[in-house]
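Chain nomenclature is as follows: A, B, C and D, assigned in order of appearance, with residue numbering initiated at 1 for each chain independently.
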Amino acid sequence: MVKEVERNRLQPHTTQNAPVEFHESRQELHDMLAQMILIRHFEDKVYEMYTRAKIGGYCHMNHGEEATIIGAIRPLRPQDWIISFYREHGHILARGTEPKYVMAELFGREDGVARGRGGSMHLFDASRRFLGGYGIVAGQMPLAIGVGYSTKYRDADEVTLLLTGDGAMANGASHETLNMIGIYHLPVITLIVNNLYGMGTTVERSAANPDLWKRGEMYNMWGTQVDGMDVMQVRRTMEEAMDRARHGQPSLIEAITYRYRGHSVADAARYRTPEEVQAWRGADPIERFYRQLLEAEVVTEQDRQEIERQVDATVQQAVDFADASPQPDPSGLFDYLYVNPPPTLNEPETPDA
Amino acid sequence: MVKEVERNRLQPHTTQNAPVEFHESRQELHDMLAQMILIRHFEDKVYEMYTRAKIGGYCHMNHGEEATIIGAIRPLRPQDWIISFYREHGHILARGTEPKYVMAELFGREDGVARGRGGSMHLFDASRRFLGGYGIVAGQMPLAIGVGYSTKYRDADEVTLLLTGDGAMANGASHETLNMIGIYHLPVITLIVNNLYGMGTTVERSAANPDLWKRGEMYNMWGTQVDGMDVMQVRRTMEEAMDRARHGQPSLIEAITYRYRGHSVADAARYRTPEEVQAWRGADPIERFYRQLLEAEVVTEQDRQEIERQVDATVQQAVDFADASPQPDPSGLFDYLYVNPPPTLNEPETPDA
Amino acid sequence: MPEMTYRQALHDALREEMQRDPNVFLLGEEIGIFGGSYKVTEGLIDEFGPQRVLETPISEGGIIGLATGASMTGLRPVAEIMTINFIVVGMDQLVNNAAKIPYMFGGEAKAPIVIRTPSGAGHQLASQHSQVLESWFAYVPGMYVIAPSTPADAKGLLKASIRDDNPILFVENVLLYNEKGEVPEGEHILPLGKADVKREGEDITLIAYSRAVHMALAAADALAEQGISAEVVDLRSLRPLDIETVVSSVRKTNHAIVLHEGWKRYGAGAEIAAEIQEHAFDDLDHPVERITGAEVPLPYATSLERAALPRVEDVVMRAAFILGRDKVGV
Amino acid sequence: MPEMTYRQALHDALREEMQRDPNVFLLGEEIGIFGGSYKVTEGLIDEFGPQRVLETPISEGGIIGLATGASMTGLRPVAEIMTINFIVVGMDQLVNNAAKIPYMFGGEAKAPIVIRTPSGAGHQLASQHSQVLESWFAYVPGMYVIAPSTPADAKGLLKASIRDDNPILFVENVLLYNEKGEVPEGEHILPLGKADVKREGEDITLIAYSRAVHMALAAADALAEQGISAEVVDLRSLRPLDIETVVSSVRKTNHAIVLHEGWKRYGAGAEIAAEIQEHAFDDLDHPVERITGAEVPLPYATSLERAALPRVEDVVMRAAFILGRDKVGV
């Protein structure tokens, strides 16, 4: 099922569209489509809100990457962990966190998932074992060794999904992480969301050998490449990886996808041609999945319309909620810095002031 | 000629002893043997001097690794560069630096190759393009990207030999280095002196996939493994790598060898058995090369005796020289810290002191 | 004198030095087609080609190591680290290699590199992207740490840094790139390690560097309205530290406030305060005070971010208080 | 009270905490069969097995990341970094992750890790292996930096650190492992962030931490012979910094010297001096002085190494001079 696709990376490559074998419930497939559309619309709204200065800082969006996200995150069970990076709005939404709390975080409000302290790059949801978005490229990766080791230490039935970008694979932290995961045989699945660029740098210029999945061998793990525009392919690969993880074999999955927009809201992406972007938009993961579902008669056009309607409402509610949520009070500036700090953290009084 | 040896790593493996084809001059072969013996005796003396407190600090020796050293360094031309790590006494001797200046450095004397400032881990010889020994594991590696890039930048005919240990290959710096060398197609040859241990840790426990040479593929370079107890094998491999380097292809050579003594003088090496050490000593690179040369009638027993005599004299002279060399004068404490520092480096006068 | 931005001044310095010396080359992430994260190197790849404007993968250790290794062979690399926060990933190469190579090899080697990087808070960049870390490097003997506040200084100090033979961390500031100022025409080189009195005054010395210099100047303006004459000393360099200029000023004004972005405890201001009290003890009428950012990882929310950053008002208020011109006290 | 070495005290603290709490585990390079580079963990792998005494490859970033990730899931990792010099390779994980995780996620996560590492000069370990870098981490809000000087403190503070919920850098010292001292029997826990007056005195306060405390005590002995009564304050923690105890002492003695290994400029002593002059300005009869290592990468040769390290004699001489008991002056 999973093809080791050889491709001209800058051309979208539609893998064999053999009739998809669905063994998910109708409801599940419907929800997958709905979540993909939610992520897309949510990101559209984020863009709009950024231009209206409701959102600030660095803001990286997931347009085009929805299949990698839903395919990888949907199969996870409640006890499984996720560690992500700064391009993670869709990741936390896919994990089931309510959009309004995510939007509130982007607005920098007290009701945000990190109480407004984190912002776009640092979303978090402890109850869903979503262990955060991180801003130092590859810096999130070593954390996954620890989460995976904890699972082994506690002899628990858990899998950790480690999300990373293609550019991050050039950083030393990626090497130490994968090597240690391999040495300890940890139940960690590393998904490289290979959107072909790290900012303006193609993966051919950031990796001496751009077939990133092939590194699996060197780390003693299962390495495979998957069409990241096909949600069911990603899902099946993820399911296999979860199975292997539970038997002590880690995986390295490279999902080839594309980000439709610039690296961040601020990036005009002049390092690539409009034609290239257009070509990839033509292989859109949402439309593809929708067609597959239509053909299999799992959803109807009406379903799609209903989904779009509901998603729009949800996103609008998220904005309204975020807008109504208070800014954190400056008096809370030092909250959450330390757990039970000693009184010596205060300064002594200066007699003459 | 070069075998991709599959072996039980903790057993010495004598590769096929097919009759060696020498195309070096008699003199060259004689000198190779003499240098290997020099390194061995020099290190014996270093051990003795350390126990007599003439040498201090961390002191790592090359006993057993002589074939990797002479095989890799001897083919280098004057214009070629070397970057090494803390276990480098033999490396600088092989490059032709006079033993007395090396010994003086180990004694911490003004006539040492780093004027007594560096010590055992930080030997240097600018005139021989020996760019130093470094003490942070894998920390020397990124420097080689720059030296290789400089060669390319200046369009020069130079090769850089980067020496590293097996344990160092777990560090992120090794990944960034090899990846960048691969991306830029630099004339750099990375030689992993795989002595099977990093301190007490076997390579099986420091590398998820202990076949380190296989990483060549991932870095878009020629990867190969060689019997590091056979100096001629190492030499031929090195010659091929130099040829490739001059045509823009980097190499990653893993030479399997063994350090006879502990990690440093202070290490009793209780993590391995005396039998294991004995087995490897049985595959001694000096004795093996000597037998090859005897068989090929390149040297005689008398030659060997003469070499041993000369080497002993040289080493003794080195000790005498080092002992006679002055300790650096404390007044020179700030020498070499900055090039042309501004006067503001001094403190202002305190009126009341 | 032509007016230009800090960004342009840096750009011109790079360009002029590359034209002057073929051994000067640039390297870093996205410095080519992308023009650099803050667009300082824009256009240089067109003029000098990809060999002299070398784009790298996201490997900060590799970048600094590459620069250091190349510098040991005689080249003059100028590396850009996208922001100072990312230098943490690669600082082993700077601290354990570049800063030590000349000394630990007994003068047998040099490492003339320049690492350019912006420090400081931007707008809502949050805790991993808003740090002020240059004092770490200023702690390390063997390093120089230069930090210009104006376009003229940026140009003059960057050119001097590129020509200097020591390893240099050249600290820019995220919020200064668009600041404008006059820059002398023609060859403009400034000495490294020399502080600059940016404004003369009699009553109190405000010591700052980088962006905080502008805050100090704004505070001085406000204080002038209250009849207080503040002298503003721009350190321009954290190492070498020109403490002589600072001490001379304090000996005159008898009062001092050190002002910087970043955190207070173990921050750069501690060194300045410690030195002033040591060398001008009898001249001080009041302890040296420090005004810095709050000691938290910078929060994202604007309400908190604002509360965490140092403010001009605080400088004005403390200065007035110190000079006894504030009736209310704090 | 039984006498034991600093090494043994640390060992016992680790062992007791591992016995108490099954979530406590150790990780690091060579901490198993090898027993640790400085033999602190010797024997623990036999008692607790390889799962709880986890040996790692030479991947300092991986080690600290592993610890941090595991701590977020409820475990209590204690990592050993072989020496503080190597932490530079992995410090991104400590500074940008562990120290920020609780705050930047709005209190939704904790990172209760302890990173043990020895700092300081050994004997001729040269420039890359002799650094004192803990003040870097003390600069970072979110971190604790603990640094015991005696076996009793080592045990009490390590046990407290392991039970604490904050990310902690626990700084040991290469030359203290063999130092002996009395350690209370039974459960011995000390509060984090509390300085300790190691010797009471009236005339001058000597402020130190880690190995320098022993130098301060030796200096106090020598000064006593000259009739000078020196008080020795052991900071025990650089962050939180118990400046109150320091200031109280100086308010009594009116004189202060800060003493530490490592470099002066931007070193830990700068913060102490800055705080003392701020909070005890009118009580000071003389500026706070600092005695530290010379500002060079530590040279290998014994003659130079000796010249580069701080000396007890210097403390004695300066103290005597400051108190006007030195006829010659300097």
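We adopt the following convention: contacts are C-beta pairs under 8 Å (C-beta built on N, C-alpha and C of every residue); 3 or more make two chains touch, one makes a residue touch a chain.
From a predicted model like this one, the values you see are computed outputs, not experimental measurements.
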(request) Write down the chain pair with more C-beta contact pairs when A-D is set against A-C. (result) A-D
(request) Please flag the chain sitting at the greatest distance from subunit B, going by CA centroids. (result) A
(message) Can you compute the centre-to-centre distance for subunit B and subunit C, using the mean CA position of each chain? Integer Å is fine.
(response) 40
(message) Centroid of subunit A to centroid of subunit B, CA atoms only: how many Å?
(response) 45
(message) Between subunit A and subunit C, what distance separates the C-alpha centroids? Give it in angstrom.
(response) 36
(request) Could you check subunit C for residues that touch two or more other chains and list them? (result) 57, 59, 61-62, 85, 88-89, 92, 96, 103-104, 126-128, 141-142, 241, 278-279, 281, 286-287, 295-297, 299-300
(request) Could you tell me which residues belong to subunit B and also touch two or more other chains? (result) 114, 116-118, 122, 134-136, 139, 170-173, 176, 179-180, 183, 205-207, 337, 350, 352
(request) Can you check the complex and tell me which residues of subunit B touch subunit D? (result) 56-58, 108-109, 114, 116-122, 134-139, 167-168, 170-173, 198-201, 205-207, 270-271, 327-330, 332-334, 337, 350, 352-353
(request) In the complex, go through subunit C and note every residue touching subunit B. (result) 25, 51, 54, 56-57, 59, 61-62, 64-75, 77, 92-93, 96-97, 101-110, 112, 141-142, 164-166, 191-194, 237, 240-244, 247, 275, 278-282
(request) Name, in rising order, each residue of subunit D that touches subunit B in their complex. (result) 29-30, 33-34, 55, 57-62, 85-86, 88-89, 122-129, 286-287, 294-297, 299-304, 306-308, 321, 330
(request) Spell out the residues on subunit B that touch subunit A in their complex, using ranges where they run on. (result) 170-176, 178-183, 205-209, 214-215, 217-221
(message) Residue numbers of subunit A touching subunit D in their complex, please.
(response) 81, 83, 112-118, 122, 124-126, 131-132, 134-136, 139-154, 172-173, 176-177, 179-180, 183, 335-342, 344-345, 347-352
